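Both complexes below contain chain A, partnered by chain B and then by chain C.
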Partner chain A sequence: MRKIFLTSAVFGLACAGLLGYQTVKAQDQELSPEEEIRLVQEFNRMMAEGINPGEIWAEMGKEAFKKYNLDKCDFGLGPGKVEGALAQLPRYFPDAKKVMDLETRIGWCLQQYAGMTPEQVKKFATQCWGKSQCMGEYDAIVMYVSMASNGQKVNVNLKNPQVKRMYEIGKQIYYARLGPWDFNCATCHAGQQEVRIRATKLWSADRPGEAGQAVSIFPKYLVRWAQPMTMHYRYAECMRQMRWPTFEPHSDLAVALSAFLYGTANGTEIKVPGIGR
Partner chain B sequence: MATGTAIVRVPKEAQKGQVIRVQMVITHPMTPTRRDPQTGQETPGHFLTKLQLFYNDQLVSEMNMAAGISANPFIALPLKVESAGVIKIVYEDNKGGKWEKTAEITVK
Partner chain C sequence: MRKTLFLGLLAIGLVGISPAQQKKQPTKKEAGVKPEEVRQVLLSGFEQDPKFLWKLEQDESQRICSQYPSREAMPAQAIQKVIELDNKNIVYPQWGIFWGDWKEGKKLVDSPRGGRFASYGFPIKPPTRAGTATPATS
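The block that comes next holds the complex of A and B.
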């Protein structure tokens, strides 16, 4: 049945249309949870085959990159060089005297070369948070820089003492139980046992390779919001769901978490943009 | 980059008589018309209504759309190619917007 649906002219009607079709089918036949999970994974696979709408942001980001003078920005490979930039971040930057990940670096460069104040940068970075169908320039810049590293392997230099220190801090945050609900990241994202939120399987830091697969596709396009989600937005959302204190984008907390996650993901091929429901 | 921009993707080269997949993504909010249950106020929808596919200025396929399709729809259509040429899509929405986007293909 799905095969016929695939080849017919209305194949691509829409991602949501497809989901709707499958949900209706699921309700009619009263499928088992395993069957529903299989349908959702099939949906994710079919979405990954075609053009990812996130690529539109990359085109937009190319213009915004020049508009905000970011071609002077050094991502660790020379001013304005973005190919392979994401693969070797986070790293230590002597000019800022700090370890920075991609988004923190973009925020720092916006302050240096685009003449923005820290408040303006924060407003700029969070302009699309909590919205849908938002064509933000910040998301576009992050998407453009990330997509230039496609096909390269994550290679964070953990031999650098500064990065190693951030990695250890990030590991502590990952396993720190905080907040009124006594949650940590490892509550959902650790252990050999499979954890699900509804029909979505969650990745685990303890199962080899899963952290890499989860991290290497960010920023990823979310069909339910019709806009991409950057890594810092993901942190903010996770922390809101855990009832942790409000997350500040471009903070050292984010850099520490990025150092831990990308350090764990070393060796995984980058495939940006990913796609999710 | 605003509403109505699109990416059209076809294989760079194709054999004569081959059936290729024309893939496209259109940026559009695709919101349905909605009446607020409390106030009764109606929010007008904004969605694509029609999409036409031209191959060398000849109409090949036409698709009628309405609200209920996801935002930023991804559409894929099969097309049998006989000669090199231009593939053009023309699409319009219910607020009078009309756009077009082309892609070129070479046939061996």
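The block that comes next holds the complex of A and C.
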């Protein structure tokens, strides 16, 4: 019952947004492309200021967090303590003997405390990938834990040699050109010149502060899919568009990229959930 | 035979380069991380489907390009080198017939999938309509 209510709430919001956009479009038939882009950005800004449907997932996540025994999970601040957890991740965990970011840690804890096998964890984490209007419990857990760090500043401890090593590896992978189309992350996310995909302006690692703004709002609610996008799903989608093989969530590659991105974003205030087109 | 008409800078396979020339390039590599470690972490992050693992092999021109933070920061000399390397990989059609079946090429251009593939959520068959990045409708 509760799920039906939540789903209809999301649909309602999405429909309202779509209607608003349609009326804006209908009024301005003879606009230049630049004007249209400006209007879409205005719509996004209004959505950003108003209610964010991503918060519904946080409510769901609060229940799922208990359901999967994650209150035993230590995010680096003590068992079950989620306030400020995202701000200090990725970090080195002595119990797993690995550097882990938030989602990898959740996956590890699901194996330890919820009795899942690695295959089950992967299926659980990717249940909403490639879909839209999907209410996933995994997305909900990530959203709940992330939102508990709202207002805190990203503070990855790069003095730790293990984290620093992952940071350097992530940096090299960021600039590694691979695949049949010669892509690297820097193809789109580097340089002083502005790069766009359609109307969306892409952040650049070379323009100061932009990496932080991009990273600190994840998981991010996407209006066009009517569901949130977690960081690992973002990596997977980027790599699909780069014509690389299918990305594996909770892998060392994801941790290395997270270490590089969150390490670069040090000092930025976390504002979860973000909202995007 | 006609399908060999792919003229592009997409190079697959290794082309030799003398080590002396490579040393001149300013490397961005940090001390302490070996290339093998990076490679290992990279390989761990993908599904081990042998159909697609060839995509992770880096060729020489890709290796040169990987050393610079962005294309704006790439010196003209390195760009020249990459152009030379990739010119060698262009395969011209045999028998001197340059004009292939343009309808085959049009199919490639029109395809929205464009070589993208992921094992989650996407049908194997490419969609008939292009123009959207939404997985649910494509």
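Definition applied: the second predicted complex is superposed on the first by the 246 of 277 C-alpha atoms of A that agree within 3 Å, B and C clash if a C-alpha of one lies under 4 Å from a C-alpha of the other, contacts with A are read in each partner's own complex, and residues count from 1 in each chain.
Everything below uses one rule, namely that a residue touches a chain if its C-beta (ideal position, glycine included) is under 8 Å from a C-beta of that chain, and two chains touch if they have at least 3 such contacts.
The model shown is predicted, which means the values in this text are computed figures rather than measured ones.
Touch criterion met: A:252 reaches chain C, while chain B stays clear of it. Annotation for chain A, partner touching more residues between chain B and chain C: C. Legend: residue contacts after superposition of the two complexes on their common chain; A:169 is shown touching chain C, with no touch to chain B. Judged by the touch definition given at the top, the superposed model places A:131 against chain C, while chain B stays out of reach.
In the superposition on chain A, A:182 contacts chain C only, with no contact to chain B. The intersection of chain A residues touching chain B with those touching chain C, taken from the two complexes, comprises 132-133. Listed in rising order, the residues of chain C touching chain A in the complex are 9-10, 12, 28-30, 32-33, 37-38, 40-42, 44-47, 49, 52-53, 55-56, 58, 61-63, 65-73, 114-122, 134-136. Of all the residues in chain A, the ones that touch chain B in their complex are 7, 9-17, 20, 47, 50-53, 55-57, 59-60, 63, 132-133, 135, 140, 223, 226.
Residue ranges of chain B in contact with chain A, taken from their complex: 1-2, 5, 7, 9, 23-25, 27, 29, 61, 63, 68-78. For chain A in complex with chain C, the touching residues are 126, 129-133, 165, 168-169, 171-173, 175-182, 184, 186-187, 190-193, 205-206, 224-225, 236, 240-241, 243-248, 251-254, 256.
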